[in-house]
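So that you can tell them apart, the chains are marked A, B, C and D in the order they are listed, and the count of residues begins at 1 in each.
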């Protein structure tokens, strides 16, 4: 499909990875040849071989000035960029460092070919929802964070189990003892939630999944709910000193008994893919679905 | 909430269950006192103590004449009624025989109380999607069936494994060797799909879940997709004599290699519940979520 | 380690597989050069290029005359040979057709190298237990079978669930509704039991595992018990017409309500491996344990 | 069966639980009436209503002087006593506080009845194996601990994943990225290992199970090995600051990259049960195996 053309291109490269330097500069040359406006994130400024490139003060400034942001790195780098850029009306494109990512699906080798097509307007775009967590202690909002993959409540230490109560849209769901709880977006369904036993969710589905980590109750199962649900988790254990609230694997807040965590969909990012993009092809490659472990009985 | 009033009430009772007779006749007396028009399914006619009750020739006739159909029995009876009635614009209400069902959530004891409220217009209604399967051999449609819970493709005999290929919306997903595949609605996510390892899905979510039964590929995981997806399963094994296609546990068609099964959402039913209805309360009761299997370490 | 030398070598080749012919005749030449007595299974006689090779009337005759039986084919061929040969005091060696098996772990390419070492007395041997199932109807023993992988009780048709009661060493364990039950040896723990959710069991452990297939009870878990346990499964469902009893995937007996299946360890086979054999290396290769599905968060 | 008579009885009561006082003193009266020598653990001395009771300086002193130690509390209290007493030749008996435990299976109500039988020599005894972990940094043994349930290696914080390498009996098994690893005894197979997805193991089986917590590799499965195996886990991640080693849920040591944990069976305890004791009955009660979640399809 042919869509809007991009003119102002922001670039973010994985911080501290020497391998990205060549890729970044190659990309800049490629974009300059096409007479596009190029902005580079401040964190990547020291990697520049070119002179006279606009360096944005920070990622937010990129968001304000660009219509396409290209992220060079793995899924982790793109996750971080997405959280910062979700409030701007920009498109994101991920270029990996040779290892296929769920989000960064263009390899350095394919970069020029696919980018050429994309800049000609031939691309797919898809919206990915982000979730937002607010922590309330007594009646005050203590902190908040957003996540493209998941919000995780976890006991940080092994000696004490976490007990927490879940409400969805004002309805009591259950009170569980477990190592923790993952609230994942469809995007996050291929990350930590999957390790914890959750299902795969097609990226465009407007849904969230709650996966309990090491539940005491053996009949606990992952719960898939509407993406517009209002989730409230209350820490009820009387002994735990400090549980953790993490957003995309980054510590957001330590939690104490009585703390309430409100989780809701808010914001989205727009991911750009080559036209041939196929989510199932990525699943097959990353989950190695061609592998059948035992031989035919007629072997 | 106060909604439309029901005037023409159809009654279906579980076939062959002697226990339902009292419940059915009590229900009829209750409805007649309220001056409602009562129609009884032909299969329940011999249970009638009342005379002068309209007996519908079959379930379809009920669908044409009634705006509310009350089903006395368990979830199985309601599933069967739903499949037959999905093409009519009717509401369904389930009264169980003492054992809480996911669908038949009103007990005989509560029947008069809740039915009174419902007939006064105080009730919740929710739409549940049904799926529809068509089997193609060569280019001809061989047979079709609908299901409120699930469509299951399964090898009927143990000696040979089933190999099948899945496409979603025209995209190849994978080729699997397994005992079979469950394609379940949110309603069916608490039935066979759950035994096979699937997640719980909130009933109103517009989604379907594919759960592979005993997959050879250890990285197989349940896949939750949009409810409007077009699913195609092709039997590719060269040796299997006969696989089975079942709809809500009822044999619909035997399958041979090359057969294609097309599965799509089609139709819905409208379930009526008392106002206090709470899906999570039913989950807690049926899945016994209050049970924690091991003691606190400080015991 | 250096062990007993083999002198009388039996050969069994996968029936009906044209690919094995070269491998078989290469193997015979190799053995004749070492002046060993070679016996070929009757089922493989028509594959012989050599003349003057002893053809055994059947697999049992091989068992009586040989001290080492080499099986050319996959795990399925070796399973079948093992069931027939378990009552003889012979060693088994598996040569695969290019695809690594759990049991047939020598590839055609490595055949001469490893066989040379083995015939020089440099090999590992390990005993693998077999289980034995007897079916009782009323008080008569209806049939029996043995298995190196597993005994499986399974409903053959989807419409009706199987209900069965399990006793171990005279103690009632539980009564379950499910698709079936796998009773697996450690050898079988990498086969169907694994697909059904069972654990991996180290081959030499004297243990059995019971894995319920698609259990209705969500707290059902695989149960690992002593290898010398006496297991009794009774079909208790009142409606099922015919369930199936399978041994290593081969139908042994159809079951009706009231039938009792007694399962116990009986017999063993001795598997021969090259000295470098490493069960964990095979697990890593077959289960693809090097695959990590999602990228480091610092990508 | 009638076995040895007990004469010197030690008593340990759950620390800090007011509810145990009555139970402890009732028990002492019962034992004194039978003219048995009673020793009370120092931690329970302030609960005594009786005077002239021998108070042992510590749990080890109980181990030296007693042939039966009765533990009043839950499984947690008995676990702790077992770790301390494993090096003495004593029997342990658990009395719970009203909630059935896997280990503490006698309720206060049944206490006098069953204890009378047991003291008359009518009881079952069973050996339960303990495991022992040693932590090596460079070549020095940093610390060690024993466990009746499990040794758990776990990342204490969410932001960084744990990478570790497992060797069994000198053979490399795999290198995993995960939240952690549970090495459980059969006794521990009903505790944390079960929450993490492990199988049930019959208590008397000489086996251990390794269960990976939230593994990245989707084909990871619990691994059941011989109880006499030598397990070595090496922390290989280059970024993790501090992982945790826990024994029965108690922090034993913080771990850094390069640390090696050696785990082996060592010691056992002898558990005393009433003659009617049945492990499967406890499993049924605690795992709620009578619960079937969905209704018969003929409902």
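Operating definition for what follows: a contact is a pair of C-beta atoms (placed from the backbone, for glycine too) under 8 Å apart; a residue touches a chain by one contact, two chains touch by 3 or more.
Please read these numbers as outputs of a predicted model, since none were measured by experiment.
Visitor: Would you identify the chain whose Cα-based centre sits farthest away from the centre of chain A?
Guide: Farthest by centroid: C.
Visitor: How many angstrom lie between the CA centroids of chain A and chain C, rounded to a whole number?
Guide: Taking the average C-alpha coordinate of chain A and of chain C, the gap between them is 45 Å.
Visitor: From the mean C-alpha coordinate of chain A to that of chain B, what's the distance rounded to whole Å?
Guide: Their C-alpha centroids are separated by 36 Å.
Visitor: If a residue has to touch 2 or more other chains to count, which residues of chain D qualify?
Guide: 159, 194, 216, 218-219, 221, 249, 287-288, 291, 293-294, 296-298, in rising order.
Visitor: Connecting every touching chain pair, does the picture come out as line, ring, star, complete or other?
Guide: Contact pattern: complete, every chain touching every other.
Visitor: Spell out the residues on chain D that touch chain A in their complex, using ranges where they run on.
Guide: Going through chain D, the ones touching chain A are 152, 154, 156-159, 178-179, 192, 194-197, 213-216, 218-219, 244, 246, 249-251, 287-288, 291, 293.
Visitor: Over in the complex, which chain B residues touch chain D? Could you list them?
Guide: Residues 14, 73-77, 79, 96-97, 99, 101-102, 104, 190-191, 194, 218-219, 221, 248-249, 286-288, 291, 293-299 of chain B touch chain D in their complex.
Visitor: Could you please specify the touching residues of chain B with respect to chain A in the complex?
Guide: Within the complex, chain B touches chain A at residues 159, 161, 168, 171-177, 189, 194, 198-202, 204-205, 207, 209, 216-226, 229, 239, 278-280, 283-284, 287-294, 296-298.
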